Structures are given as structure tokens and as C-alpha cells.
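Listed next: structures, encoded as C-alpha cells.
The following pair of complexes shares a single chain, chain A, combined with chain B in the former and chain C in the latter.
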Partner chain A sequence: MTGISVEVGQRGSWTVLTVSGPINSYTYNELQEHIMKLVGRSDVAVEMSAVTSMTSAGIGVLLAAVEDAEVAERRFVVVAASEVVRLALESTGFADRFPSAPSVKELPA
Partner chain B sequence: MNGHEAAHAQLEPLRGQSSRIHLERCSGAAVFELYDRSVRALPFLSGNEASTLIVAGDEILDNLLTHGEIGPGGVCVVVRKRTSALSLAFFVESHEQFAAFAERASREPRLPPRFDEREGRWRGLGLTMCANLAVQGISYRPGTLVDRIFLRFQASR
Partner chain C sequence: MGLTIFTYLAVAIVVVLAFSVRGRGVSLALYRAAALASAAYAVLLASGYTLAAYNWEVATVLIRGAGVGAITAYLAFLRLGAAYPSARLVPVVDLLLVAAVVAVGWFMVGTDVYVVVVARVGVTYTRNDGSLHAILGAAGAGIGLVGAVVMAARSIGVKNRVHRQHLLVMAAGLGGSVAWGYVFAILGPSLGLGILYPLSAANILPSVLAAAYVFSSTRAFQPWSVARNLGYWLIVTVAFGVPLGLIVGVAFLFRESAAISVVVFAGLVFVVFARWAEAFARGRLGISRDEASREELESAIAHLDLSAGREVALAELDGIMKAALGCSWFSAISEDDEGSLVRVYPDDGTLVSPSSSPVMEALAAVEQRVVLRPDLETDERLAGYRAALTAFFDALGAEAIVLAKEGRRVVGIFAFGHKVSGAGYDALDYAMFDAVHGKLFVVAYYARHVARESLLATVEQELGLADQIIRSVQERIDPIQYPGVSVAYRCEAPRGLGGDLFDSVRISEHRWFFVVGDVSGKGLNASMSMIILKSMIRTLLREEKDFVRLVARANDFIKDNLPRGTFFAGLFGFLALDKGSVYFINCGLPAMFFRSPGLDSVIEAQGEGRMLGFVKRVEPYLKAKKLVLPPGSRVLISTDGIVEAESVRGERYGKERLMRVFTENKSSDAAETVDAVIRSATSFAGGKLDDDITVVVIDYDGQTREKQR
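The block that comes next holds the complex of A and B.
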């Protein structure tokens, strides 16, 4: 798979983006478009268990989303990060900036 | 940027716990999948070691593809595992932008990641990721024919 797939769903007050595939300079635009469309308008959860790789291009999108959500007084959560996503986030030294949840079922009310 | 489906990977076992991955026609998104799949196929790596090499290696490839230029020879990647260290080396046709980058990297202290208000994007994230993952060192070696990037990681016990 060279592109990403983003599916949009709803769970309570959360808009859930389920992302799969590799996130890099070639694919981050699609993720960015989806996130930026939603992040100021609703609480957004990004489910990343099927993300196969993630470079700094994707992390930049997530960091911007966290900041935009804070400004809009909305919530933004990374859900079920795959091992490569977790490693990528930790390697920036910014892992504590990303609120996380183990699964969509365990999103706060 | 669009993916380029003609990209191709050759995996060649070397002596001991070492392998060479040759990524050919590296002009697009397919390269990441080829590299990731090749690393996952190396029998001497644990799952965590493979994930570490994928995160760091994808970052290197992303930078080579977006900030530099990869010649027709593609990218050669060598993975070696020793008792206490894991190494990842990238060999790519030399490029003047890489030489300039390597010179800056050796001269200037590495800044922490920061948001560039003018460009509207984060800068230095990728370098920080590689430096934090490659705890035993990262070096950039420009050459007249081949540029080299070496990363050394802690091997799993």
C-alpha cells in the first residue's frame, strides 16, 4: 500500500478518523485535509492501529491538530497507536503532548 | 507528489546477521513500502528492532526524496546486528545539497524541533527523531561519488 485510507465515523460526541497505511511526505496531505476540516468543529479521535509507518510529516499534522483543538476548546486524541506510531511519537520527545486512548470504545464521554 | 509504482527492492543476505537492501527507481511513495517490507523480512531482527529501523529509515528516505535527489543508482541500505548494537547505513549517489547539509550539521549545534511561523510548519522534527532513536550515534558523510548516512541503535537484549 503506497497511499493511506481515512474512514470517518461517529461515536458519541467524537468524530473518529480511522487511518491505515504509511504516513509520509507523499501521503500526509490527505490526513491533514481530513483533520483540519474537523478539528475546530468537533472532538476528533484518530485511530492509528493500522498505520504502517509515520515520518515527521505526519507528526507535524498531529501536532498542529493538538494545538488547533486546544485553541477551539475541542478534544483531540490519538487512539490505539501502532508500534511504529508510538515509537515515532516518542522519538520526537513530544509524546506527552498527545492525549491518547487505548481504543475507540474507551474514549472519554 | 505521486507514488511511482516502478520502484523495486532487492534483498541480499550478507555474512553474519547482516543484509543489504537495494532500493531501485526511488522516485516515490512506493519506496517506503519496499523498505518497510524488506526490514520486516530480516530474520535476525526482533519486532521492536524492525520498528525502530522503519521509523528512522523512513525519515531518512523521506528527507532524501524531498530535500535531495536520488540518482538512477537508487539507495543501498545495509543493516547489521552485533551483540550490543544495530547499525543502519544508507548509500546514495552524491548530491551537493547533502554535502551542504552535512557541513551545517557538523558545524551547528542541533536545535530542538520548533514551529516555523513563516513557513507554517515544524522544522527539525525528523532530525530529532533520528538522533533520539539512534542513541549510539548518527553521522552524515558526503563523498565525491557516494553520500553515506550511518545510524547506530541499541540492539534488543
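The block that comes next holds the complex of A and C.
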């Protein structure tokens, strides 16, 4: 089973997680751990252009991150969602629940 | 019309209140008689003075009738106050009262002793009072005052705190009505404020409002809390109402030159001031304090560490509830495998109630999810179960209980002892319990399904739980058994623990409710969320008659009570098998296929759907649809585990393959088709599916049904 890789970087006030690979029931834990550690403490952007597939497990991680960020009054953004990520989020009927940005360079200040 | 409009508004409120309260017995009948007599008095008085300009004869009769209405209302209140809360029909007394009202009515309406004539010329009213006007007026007010005094005096001797407060509230309301009438009908005119006379008939409001509160409230209130809220109301009214009135008053000086602009301006100013006043009340005055403490309690329960084991989690809950409510003790009671209730915290294993006892019957039947001890006496809805519930409270020594139920089945109960302060549980405590019920429900379910820590230590935790969860899921389905209908389903999880769900509930002879879906997450967490949601849906099904509201409330439950990030992709349906229809709401389920023998083709029926758990107000997004099932038709429903199954090359199984298997198996029965779908997807995924799956097939053969008729 292919794993995912999560790289952590910084851009201004944003902590940027760059994720690649499939996000499914076997791999979501790694992404979840990174996000849970960061989302209450800083503004978090998840760059997802290299995500090859995403099941409901991944959607759950992103939804929890959005809600945690709201409670902590922090920002959470999905950046450069790949086609599969975009389709997965649209399948929920609430794609607009996930704030997004086209690229890391275009993150709000 | 002028100020008389307020009288008609008061009448409308009083009539609504007369019929909107729940209850039964002589007390309620007396309350209704008093309220309707009050309304009659106000209408007759207001219409009498309006007609005085056009037909003095009719106006005079109406004004006389108003006096009779007032006396009747006060007599009814007096009779209510003398016997509340256990008023019974006393034939001699009640017949005498009715006879007295009829006699006084004839005397006042049919003679000139009360009012000789009422007429209006221009803007001037003329009322010639009869020889006994003052005596009759004073007698009416006197009966009202005596009623108030009787109520206040009786409150001293009443043991039940709620009834004591009820009598005092009614006494205050009745006294308020008499005082209001005196100020506007007698004192005002004598001080040259006769212009305010039309407001006198609106005095029916305090007495009826107070009595309506009494008949719609079953629990005590904190006097300081009421005083505080009245104080806030006064501050807000003075601080914002006075300037608002001045601004609107100035604006109305220009009403003739710019009428529409003035109305719009007044409306806008009103909205701005209302919002401003609300923000002020919430912020500076701290009206939201009660709300905040409820939220704090809710948050504390939500953060209980359930993974620490049942004993540890319930001990933590014990501390939280004691701190929030000041109760002397806390106890958790849970259903065991035989359906009896057993104390699990403190974990002494005491049998609290066997499965088929009257107590269990009563607990299953009550609609309330929170019951305070005073409710046993004051809440008429509990009347049929009073003896059994009182015995239950006495056996526990409890002052309040919170019920966690799945439909009629009691899953668990939290019991609370008396307060350390000696005070009783009141309306604020009730609101607190009610606000955290969802969280307590989750803990009760956890306590029901998680065995003792000492037992868990001997087995591998997740496997032990899996058995319990899966067994309980399988046991709680009403199989859809109906002539000419065949339903097959399979719900599987690759890890033994899953979030997929299928449930069906028989609603009536011909109708079934069903839900198919997938709770997000994996393993133990998803299983726990799934089983809790399934139970809650069954409970909601009992409470909610509106299909869309039912689904919306399921959404609220997920959003408010399940772990953050939890969502549900599924489909809710009602099968009307006698009509050959299925009504459904798709909440993000990817596949619902329908095959009609007439067309011999498969169509996709699920349409677009919004998953639950993403937004707070989901109702606007929900759409109920209807699918007519012709004889010989078949419906296939599948969660995303099948559609999103991946081959070793990373290719998705997809809807097209699913549709093909569905079409190829048109001569197989429902169970064979379900097996064929799962076999096909498993084979496609290289022999092992990664995700939880649920497949349901419904075959509808209306012809068989017709033949049986």
C-alpha cells in the first residue's frame, strides 16, 4: 500500500503542509496528526496538488481541521486541490465549507 | 379606534392562551372559564364604547354585559385559587356560583342599576351610572382582590414548592389586573387622564398571563433569576425604548409630507435599536451567562476521555456534574443484556429495575428526556405513570433523572441526588439538563456498550467491542417483511469495525422507514459514532413527524454531539408499500439505481445530495423525492465503498460497473444480486475491499400483493 508524505514549511504567518500520495483509511492518520498538532496554534494551509486520491477518511480530516480552526479563531485553507481532491470535496455538497486558495503564493496575508 | 386597539390585541392573546395550555381536570376548566370571561369583558367594553356614537341602546347593553364578564372572570379565578392544584367539581358550590352569575347578569343587564345609558356625542362620552354602579364595581374588584389574597394565603400551607410558586404567581397576576383596572378606569379619569381609559380593559392580561404560565410550567423558578431578568428588561426598555420612541416620534412629525419614508425610517431605527439593545443585554448585562455555563458544561462532557474506560469516564462525569449542579451524588444506570437496568456507577452491579417491571414500562412510555421530582406531581403528561416513577425516584433517592432512550428502549439513565445547598432542582437546572442531553446520550451509549474495565483488561479491547457493537447493530433492525416485497442487504467492514449503517423501522402495517449510509472515520470511532447515530435516528423518528425536519435533526445531532470531523453520507427513505412508492432524501449517497420492467433499463435515481454534519442549518439543502415502484421493479442502493473500490492499478470501480452488474442480475433474487455486487467489487479490488460497504436491494412485486388482496 502506497503511503503519503507530508512536508511542513512556513510562509509568512502560514504553516504550509504539502501532501502527496493517496489519502485513505490507511494513510489519513499521518495527515491528521500533523494537522491536529498545528491547527489550533497557527494558520494552516494544506497544499494538495499532488494528492492522487482521497476517500471519506481524508474529507473527515479536512472537515475536523476547518472546525478546529474556527473554534481556535485561526485560518485553515486547502491550497491547489488536485482534481481528485476537488471532486471528493464537491461530492459532499458543501465544497464551499472548505476555504481554498489557488497556490501557496496567493495565500492571504 | 385609538388605544382600543390594545384591548383587542389583549383579547387575541388571552383567547390564544386560553386554548394553548395543556392539562386536564377542573383546574384547567376554571382557568379557561376565567380567561374567556376576561376576553368577553374586554370585547364587550371596547365594542360598547365604539358603538356608543351610533347606537346607544346596543352600546349600553354591551357595557352592562362587560361588567358581568368581569365579575364572572374574578369569580372563576377565586374558585381556581381556592382549590388549586387539585380542584374538583363540588356540585352544590359550583351550581350556586353559576346561579349567582346568572342572577347578577340578569340584574346588571336587564335593569338600570349598573349603567343607565352610555352615549357619545363628538368626542365626549356620557355614561349615566345606575344607583348600584359603585357597589357593583367595588364588589367585582373585591372578588378579584379576595381571589388574590386566597391564592397568596394558600401558598403558605402548600408543601410542593412548584405549586407554592404557582399560587403566588397567580395571586400577583390577579392583583395586577385589579390594580391596572383601578389605575386606568378610576384613578386616571379622576386626575384628568380620561384619555387613557380605553387601556383599562387590557387589564385582563396580567391575570391570564400568570395563570397561563402556571398551567404550562411544571417546575420551580429561582426568584432572583426572575428579578434579574425583569431588571434587565427594565434597563433595556428605559435605555433603548425611550430614545427610540423620541426618534420615531420626531420622524412622525413629517408623516404627511413623506409617509413611506417615515415608515421605512421608523422600521430601520427599530431594527437598529433592537439589535443594539440585544447586544447590550448580552454583553454588558450578561444575559447570556446561563447560556455560557450550559455551553461550558456541554464542552466539559464532550471532552470526557472515553478511551480511559467506563469507570474512569463516569468518575470524571461525576465530578463535572457535581461541580455544575451542586448535586450531592451522581449515579449512572445502564441497560444490561437482559434488558434490565443495572447501576454501573458507582459500579456495584445493583439491579435497579428488572426488564418487565411497571417502572420499565413507565420509563419507556414517558416522552420527556429529563424528569425532575416536582414534575411527578405537576406535569399532567406523567399522570399515568406517577406511581411507578415515584417508586423509581424513591428507590434511588433521586431528585432528577436524565433518560437516554432509543425509541422506547431505555439505554441508560443518569440520576442526581439532592443539592448540597438544600435547594430543589428548578427550571434553570432543567434547561441545563436539556442542553447537555445529547452529550449525556453519547456517554450513556458508551456505558451501555463498553464493558467494565476489569473485563476489558482480559481481552483485546477493540475486538471485544466489535462483537458487542456488531451484535447490537444486527439485533436492532425491523426486517422489511411484506407480501410481494423482498429486501436483502449486506453491511461489511474490512476491519470488522465499520461506520456503515443499514436500519429499517416498521412505522405501520404498510410503511417502513429505512436509512443506509456511512459515518465517516474508521474502526472503533466510526462504529461508536454509527451506533449512536442509529439510536438517535430511531429516537428522532418517534419525536419528529416531518421527514425533512427528521433528517435536519439528525444533522444537528452529528454536528453538535459526534466528534469533530464526523459526517454522514447516506439516504433516508420511507417505503409506502401499499402505494408502491418510496420517498427519500439523499444526503450524499453516491448510488441509488432503479430498474423498471416496463422500460427494461436502469436509471440513476439518487440525484444530488448534501452530506450531514457539514453545516448547522442543513434544512434548506434537503430535498425529499418520490419514486414510484411499478410491479416487478427493483432498487439498488450502495454506499461509496463499492463505487470507490480501487483496483491494483488505481482504477475506480465506478457507477458504470455497478450498473452493469445490476443489469446482468435481473433474473437473480435480491440476495443473489447483493452477493453478485460485492463479489464483483471485491474481485475488481484484487480480492480485498479497503473500505466499509453496504449494499441494499429492494424487489417490489406489486402483482403478488394484488393477488393476495
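Here, the second predicted complex is superposed on the first by the 108 of 109 C-alpha atoms of A that agree within 3 Å, B and C clash if a C-alpha of one lies under 4 Å from a C-alpha of the other, contacts with A are read in each partner's own complex, and residues count from 1 in each chain.
Please note the rule applied: a contact is a pair of C-beta atoms (placed from the backbone, for glycine too) under 8 Å apart; a residue touches a chain by one contact, two chains touch by 3 or more.
Please read these numbers as outputs of a predicted model, since none were measured by experiment.
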Touched partner set for A:Y26, first chain B, second chain C, both or neither: both
Touching partner for A:R97 - first (chain B), second (chain C), both, neither: second
Touching partner for A:A57 - first (chain B), second (chain C), both, neither: both
Touching partner for A:S49 - first (chain B), second (chain C), both, neither: neither
Touching partner for A:D68 - first (chain B), second (chain C), both, neither: second
Common ground on chain A, meaning residues reached by chain C in one complex and by chain B in the other: 24-26, 52-53, 55-57, 59-60, 63, 91-94
Chain A partner contacts - residues on chain B that touch it in the complex: 1-3, 5, 28-30, 32-33, 36, 47-48, 51-52, 54-56, 58-59, 62, 65-66, 112-113, 115, 121-122, 125-126, 128-130, 132-133
Partner chain B, residues of chain A touching it in the complex: 1-3, 22, 24-27, 52-57, 59-60, 63, 83-84, 87-88, 90-94
Contacting residues of chain A [partner chain C, same complex]: 24-26, 28, 52-53, 55-57, 59-65, 67-68, 91-94, 97
Parts of chain C lying in touch with chain A, wherever the complex brings them together: 518, 520-522, 563-567, 569, 588, 590, 608-611, 613-615, 621, 640, 644, 646, 650, 690-691
